[in-house]
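This is the structure, below, for whatever I ask next.
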Amino acid sequence: MVPEIYYITLSAILFTMGALGVLARRNALIIFMSVELMLNAANLAFVSFANTFQQLDGQIIVFFVIAVAAAEVAVGLALIVAIFRSKHSIDVDQMSNLKG
Amino acid sequence: MHLSETVNTGFFFLAPWIIFAPVVGLLVNIIFGGWFLKRSWGEAAVGTVASLASGIAFAVSALLAWSLSAAHGEVVVVPFAEWIHIGSLQLDWTFRVDTLSVTMMLAVSGVGTLIHIYAIGYMHEDVRFKKDEKRYQRFFVFMNLFITMMMLLVSSDSYLMLFVGWEGVGLCSFLLIGFWYDMDTLGRPSWANSNAANKAFIANRIGDFGFLIAGFIMFWAFGSFQFDEVFTQVGAIAPGIITAITLFMLVGVTGKSAQIPLYVWLPDAMAGPTPVSALIHAATMVTAGVYLVTRSAPLYSTVPAAQYVVALTGALTALFAATIAVGQYDIKKVLAYSTISQLGFMVAAVGMGAYVAGMFHLVTHAFFKALLFLSAGSVILGLERGHHHLSHHEGHQGHEGSHHEEVRRTEPVEVFDPGDMRNMGGLRKTMPVTFWLYVFGTLALAGIFPFAGFWSKDEILLDASLHYPDIYWILTLAAFLTAFYMGRQIWMVFFGEPRHEAAAHAEESKPIITIPLMVLAALALLGGGLNLPGAHTLGHWLEHTLGEIEVPEFSLMVAGVSTALALAAIGISWLVYGRNPLKAEQKDPLKKPLGFLFTGMENKWWVDEGYKWLILDNYVRLSKFLAEVIDWRFWHDWFHEKIIAGTYNWLSNIALNKYADQQGIDAFANGLGEWTKEVSASLRRVQNGFVRSYALSVLLGVVLILGYLLLK
Amino acid sequence: MKFFLEPLTLLTFFPLVGVLVLLFLPSDKKNLLRWTALVTSLVTFGISLWVLSMFNASNPDLQLATRYPWITVAGWNIEYHMAVDGLSILLVLLTTFLTPISILSTWAAVEERVKDFMLFFLLLEVGMTGVFLAQDLFLFYIFWEFTLVPMYFLIGIWGGPRRIYAALKFFLYTMAGSILMLLAILWLGIQQGSFSVPELIEMGGIPADIQLWLFLAFAAAFAIKVPMWPLHSWLPDAHVEAPTAGSVILAGVLLKMGTYGFIRFNLPLFPEAAIQAAPWMALLAVIGIIYGAAVSYAQQDAKKLVAYSSVSHLGFVMLGLFAMNPQGIQGGILQMVNHGLSTGALFLLVGMIYEQTHTRDLKVYGGLWKITPVFGSLMLIVALSSMGLPGLNGFVGEFTILLGAWGAGMDGGVLGSVLFAGFAAAGVIMAAVYILYMFQKMFLGPEGSIVEEVKKHGHALRDLNAREIITMVPLLVFIFWIGLYPKPFFALMAPAVDKLVVILQAAMH
Amino acid sequence: MTQLDFNTLLPLIVLTVWACALLIVDLFIPKAHKGWTAFLAVTGLALTLGLTLAQLGASGSGFSGMVILDGFSTFVNALLLMSGLLAIGLAYGYVKRMGLERGEFYTLTLFSLAGMMLMAQAADLVIVFLALELLSIPLYVLAAFARPKLDSEEAGLKYFLLGAFAAGFVVYGIALVYGATGSTALNAIVAAVTERSANLTLLTVGAALILVGFGFKVAAVPFHMWTPDVYQGAPTAVTAFMAAGAKIAGFAALLRVFSLAFPSLAADLTPVLWALSMLTMLVGNLLAISQTNIKRLLAYSSIAHAGYILMAFVPFGNQEVQSVSVAAGLFYLVAYALTNFGSWGVVIALEQKEGRGLEISDYAGLGRKYPALAAAMTIFMLSLTGIPPTLGLVGKFYLFRAVMAGGYTGLAVIGVLTSLISAYYYLRVVVTMYMREGEPEAMQESWLNLTWGLAAIVTVVFSFVPSGLFAWASQAVLKLF
Amino acid sequence: MTVDLILFLILALVSVATAAGMLLSRNAVYSALFLVLNFASIAVFYLLLGAPFIAMAQITVYAGAIMVLFLFVIMLLGAEQLARIKVLPWQRPLAIGLAAALVAETAYLLIVRAAPSAGIVPPAETVNTLGELQNLGMALFNQYLLPFEVTSVLLLVAMIGAIVLTKREKGERE
């Protein structure tokens, strides 16, 4: 058995990388992908914990998270498409009309 | 009006009318005066009402005096109303009728009535010279108000009510000095008269401050302001406290009675119409200080040190003012300094404990100084008539005496000072009545036998010679100077040749003016009879109030010395001014021999300048500094605008470099310096519109929270 | 219905009737609006007289109480508790008295948005009356804060050129103080379990160190309102920019709310702290007296001069209150009324001349007494009252205050030094200096340039008209009345003050 | 699934079903008569509100302990539904005027409300997460509803990206909590802690991450930065809804989760909440000062008020004061929601096409031209400042008292000081309305007028009789702990 | 060192590397592909952890549907690469710094504080046998019925949202 802590460590690393992606990239799509990576990291933690506890609950939660991610993706991509139509760019740094 | 049952005989129930008669008079004149004045008899009516009001007060005073003597001089207290009752503070408005107060009442209302009558004529002309006939009414209102306040002062039964009158007469003094508030004494548009009025009020207030403090100490020591309650406890109170009370009271006295160091307002007070100078600034109000000390005799008598301070203040004032009087050219200024000097005599007298002598001199001085002032007024009017004659010969064809054709003048007319003795000369021919009246006054003031002044002054000197030799010498010197400057005045004004056209054309005054003067002249001559050595009428009268008073034996030595000195002084003045009368434009003959000394006298020893330099300028500077620098620039603009409002804005501008609003907010924001703007410009990017930065902020929050939770 | 007919409720909220009527009146019928407001305020004054007639002057306690539980959930104990006693009755009367006068003064001065003006004015009256009557801390705070709003509008809409700035400053500064008071009120509510002022006073027992903090928190609110030196910086701005009626009410009543607060809350609630703080408060008061007087003297703007004079006058009140003896406190209360009358009258008069000349610069005035004798005479009387001439109201107040302060400064007194009273008495001299200066610059001396200036615009300076005189007469009546026969006024407050003094005396030992 | 399960969630289910039905009905409503959709939505809300109020006093849990019904949830649900009604009242004329009138607007609003209500009833972290998404996703769409207006799209995208980012933290937090206790049910979590079989460190970190997510939703500093941009860019009617609804729901969940599941962490989390509250009050108020756009100003104001409400949660671990404090928080939420809708209503009344009428300077002269509107706005501004006679003052009074009773006097001091700062910018609006000259244009739409008028009246009237409301709030939190 | 561990390490390396690849790729398409790989590697972890159903879901829903959608949008928009502009010079270093801090905190959490779920006894009634699909289905429709239904509503809402956001109104510009 691989100790649980290994999985948690890995998940933490992936989560942090996801967060870094949100902060560091300008491409709205990549930012979005980074968010997905964060969710995945969380899922990994869930499954790992579920494994430790020998429970199904953790897995079921992951299932919901995946579904929510799908819903988010639908709306998010629609938003990105909509904004691309008006702005012809998906660079988030160019979307800074509103400030102050 | 509830009268105490203790008052069942005599006319004491009339006591309040000494105040209400003039109050009624002034109300009548306020309400109907304007209506009167539209009629030809209006001025007479206004004047009559006022004079009558004052006259009734005099009549009541006389009745009170009569009742009092019938009651063997026992103090009678007429309660009138409750005033302030707080805790142990029980202040009532009560009339005190005793020999001392009745004496004052008689003097005030008597002289006052005469001066009212005189003023009917005087003001008739004065308002025409100053071209504001409507002000006639106002004058008599103020005069009646003054009588009211003065009566309140002398009739009060407690220090506090006395203080009410005390401040009230100060107010009237202010109003009447500033009567011609829009001009100077020469009728030119100016701030001078109103400045003089302010000066009088404020100098008096400084004195009042002392009075107030004295009152505070007194109340917390004695538990009362009521005279009898205070006096009966004198023995039980530490002398230190009484010394403090008396000395603070002295400050009040120096203000009201124009003693060193607060006398400076009195000469300026001559800006008021002459009847005012006579009544308020010679005969009555300024003697209030003397009255106060006399009234407080039980207090002063227990603290010799304070007494000595009072006496010395009086004596020094007497001398100091006399020296200044010598160097003055204005006929009223001379009299003003003379008044200060004479007040010094009185204060010295009461300071020495010679209360009767002080009161005696107070009364006689009221007679002859009123006489002198009013006569001086007559002189001034005479000159003004003459001058009027000259300058308005074209517009006033009615004056048939305009035989003197002058070159055509353009307005404004030449500045002519009718009060300047250098413009006078030879008036005894044109104004003979006035001349003789003036001579009477002068002789009384100089202390020549048998005029009133001789007796009263002699009594003071006598007392001084017995107990306070140093004060005696100072006072004697002052008496010498008095005779000298009065002689100088007589020679300059009435003898020699006219030094100005106006003096040549001066006209004698009408009987309405001269008749009251004659009465006063008679009083100046006979006033000494009040308290002749041996009889001591006044002394015995006042004993009822002041208790047993030591009566020194008449000393021929003292009387002789002072009379001789006075005569000598008059002789010297003849040598200087009478033998070779002054010519127009000629400098004062004393200037050469006395040199710097005379310059000092001329310039009043620069006391006014000194005060201005030392106090006034500094106060103005301080208040400007406080107002403009401290309060406005530092506190309002810098601290409140920059620091408080500025910080406020700075904090908000950390995030933004926007300017919020126009005027209103900008006013807050304008205080911001360049520095804060730069800082805010560099920090404004936080809310920069970039979604990544916002995420950064979120992550920052996460890191900080986790850091805190894990590391704490 | 019974609730609304309780005398104090009726008194406080009656102006709302006027407000309602005004709301339904057309805004272009200016005179109708003015009369409505005037009549409302006069009726309110009448009600206050009715209250006075029911007031038992010999009873030191709160009277005519209206007391209903208000917010009582979850351990709250907030009441609608209105009552009056000797400490407040005069101030209530002052409020209802000055309001119609102020409204009358706006007849010609306010031409713009008359309806709004009257609305705010009547609302302000509700707030002010409420402040003096509320006996529950929460209720008090509501009224207290509420007064800010209409006054803010009065300054901000009808004020001078820098009105917005002044209005904001007024609002923010006064609010800055009152929020600290809010915290202290909350503390009392939590720790003592009551918001009722009389109950809290009875309860006592607040530890001395905490008392000091609470004292300071309350004092912050009140001292800014008074305003005590050095917190006075908002005052000249507010006064200079406010319309005349606003200045009158501001000086006449709103400032009194601060001094009233001290006497109603700070002294009885925190007696130990008050005694501890007394010398410091007296020091600030005396500095205020001297400083205000000196700064007044340097002003060229008549209104600003009067505004600074308030700093000086209110210093006297504070000195009296913290003398903590009957003379000082009674004098202080009377002086509050006096200041309301005299300074109110001064503002009215300055406003009246301003309406004609549109300037308050003293430099351009001069010699007006000749042209406007009635005006000059009234101004003189008011000025004399303001500087404390005996026989007029100002003296009675100032004298008793100084007497009290002197007594409190002697051995065993709470102030510890007679110098406070001494310096304050010197302030009396300085008062004469600046008041006479103003009077001289306006009415004495040669004719100022403004006379010609006004003539150039086609109409000469006129004397006061009948309406203006009617506005002034009631004030003058009281100026003389209090000056000559203050006994009834002292009689109203004496028992209540004695009660307060007993509390303070007990705390001293 | 039993009858009981159904009962606990009845209003929510009715609302969801109604929303789904409305989606279909809307297809058959012609474009010219979209008002019917609004009407139907309002009917649904009113029905739901009736059902919610019928649940007063009822309690229970359902769906295997996933949801809970208690006084608290009923209170919050009622408040949310009222907000929904007000939001539609504001939106009705606005969407028509701005050319946004599509049926989906109302259905999305209803779905979002369903998410919010679920949030208030959630008893399991899974439900909390799903409810969070259910309320957020419609809001993302609504924020961008005015597309192709760039501002609106930008607002939608910003809200979405940051919302998803924050949701990531929530999920990870839930994972850690699960790892720490072996369950996501709130009562199981607290049971695990009491049985000392939980990894407290992990639990703390998980709770902190969940806090971040909610902090984002309620716009607490430093998770607030989306707020002004999104509030400004989103259609104003949406902003109003977002500002009230999302905040209410966020606080409800925060309250439920923290007081139910994490009371043991109070010692650790209280300083964090303290700091969040303080920072939120400070930053919100300070940044509001220099705003010139009324929407941004109100956005910062809503941040600031989040700080005030957070104050109520600072003493959540203190048994003695928590109920009073949370009740005060609920009361404040009501006051805030009312004034919030009122002030946004006024903003909507003045907003013109192309974003004109949104600068504060556009309000000049309002007092003269539209006295009632200006008076209402003044009341809202005073209420937000906390000046009597408004509900805002009563709310602050309760709040500060609770906080001081909890021993956080320092926080109360910051609270009052920032109130003072806030007076400055709220008054600026009043200044502009009354003391500057201008010719503003305002819409006079009956529903809109009704909404802000009602809000103004209630704000004033309830300040005189706040007892009932507060009693309800106190009652609501009684069984929570 | 067991096989499990070796496998884990290799997969961990892969997942971290693919994540890094996604982060660092300039081209969005590469990023998406890296992410697919990452998801796949995580799916393998799920298998290792005894969650085959989740692993399948991961592959089909995530790596399959979602990422395809991503790629589709990237292609559709032609937005593989962004112009090189530097707007926020301090953003990236700060981000890296914060990430480092986060890692450090996590490390501290995992290493210094007690190991995660050691000694945690999960609530008894939720214990299920892992891996049995039937159990999972039962749980989903019994205990987790409400979340399931909510998820369905959520997906419906997302659908409406997507339509609202992208549907062209009449007269809307291209």
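The letters A, B, C, D and E name the chains in turn, as written, and every chain counts its residues from 1.
Note that a residue touches a chain if its C-beta (ideal position, glycine included) is under 8 Å from a C-beta of that chain, and two chains touch if they have at least 3 such contacts.
Model, not experiment: these values are computed from the prediction.
Contact with both subunit A and subunit B is made by D, E. Taking the mean Cα position of each chain as its centre, B sits at the greatest distance from subunit A. When C-beta pairs in contact are tallied for every pair of chains, the largest tally goes to A-E. Greatest centre-to-centre distance from subunit E is found for B, with centres as Cα means.
In whole angstrom, the spacing between the mean C-alpha positions of subunit C and subunit E is 70. Chain centres here are Cα averages; for subunit B and subunit E they lie 100 Å apart. Subunit A and subunit D have Cα centroids lying 26 Å from one another. Taking the mean of the C-alpha atoms as each chain's centre, subunit B and subunit D sit 76 Å apart.
Residue positions of subunit E touching 2 or more other chains, listed in rising order: 87-88, 91, 94-95, 98-99, 102, 109, 113, 116-117, 120, 122, 126, 144, 147, 151, 154, 157-158, 161, 163, 165.
Counting partners per residue, subunit A has 8, 18-19, 22-26, 31-32, 43, 48-49, 52-53, 55, 57, 64, 68, 71-72, 75, 79-80, 82, 92-93, 95-100 as the residues that reach two or more other chains.
Among all residues of subunit C, those that touch two or more other chains are 164, 168.
Pairwise, the chains that make contact are A-B, A-D, A-E, B-C, B-D, B-E, C-D, D-E. Here subunit E touches subunit B in the complex through residues 87-88, 91, 94-95, 98-99, 101-102, 105, 108-109, 113, going by the rule given at the top. Those residues of subunit D that touch subunit C in the shared complex are 324, 327, 367-368, 371, 382, 387-389, 393, 397, 400-401, 404-405, 409, 412-413, 416-417, 419-420, 423-424, 427-428, 430-431, 434-436, 466-467, 470-471, 474.
In the complex of the two chains, the subunit B residues touching subunit A come out as 655-656, 658, 687-692, 695-696, 699. The residues of subunit E lying in touch with subunit A in their complex are 2, 4-5, 8, 12, 15-16, 19-20, 22-23, 28, 31-32, 35, 38-39, 42, 45-46, 48-51, 53-54, 57-58, 61-62, 65-66, 69-70, 73-74, 76-77, 79, 82-83, 85, 87-88, 91-92, 94-96, 98-99, 102-103, 106, 110, 115-117, 120, 122, 126-130, 135-136, 139-140, 144, 147-148, 151, 154-155, 157-159, 161-163, 165-166. On the subunit A side of its complex with subunit D, the touching residues are 8, 11, 15, 18-19, 22, 28, 31-32, 35, 38-39, 41-43, 45-46, 48-49, 52-53, 55, 57-58, 61, 64-65, 68, 71-72, 75-76, 79-80, 82-83, 85-87, 92, 95-100.
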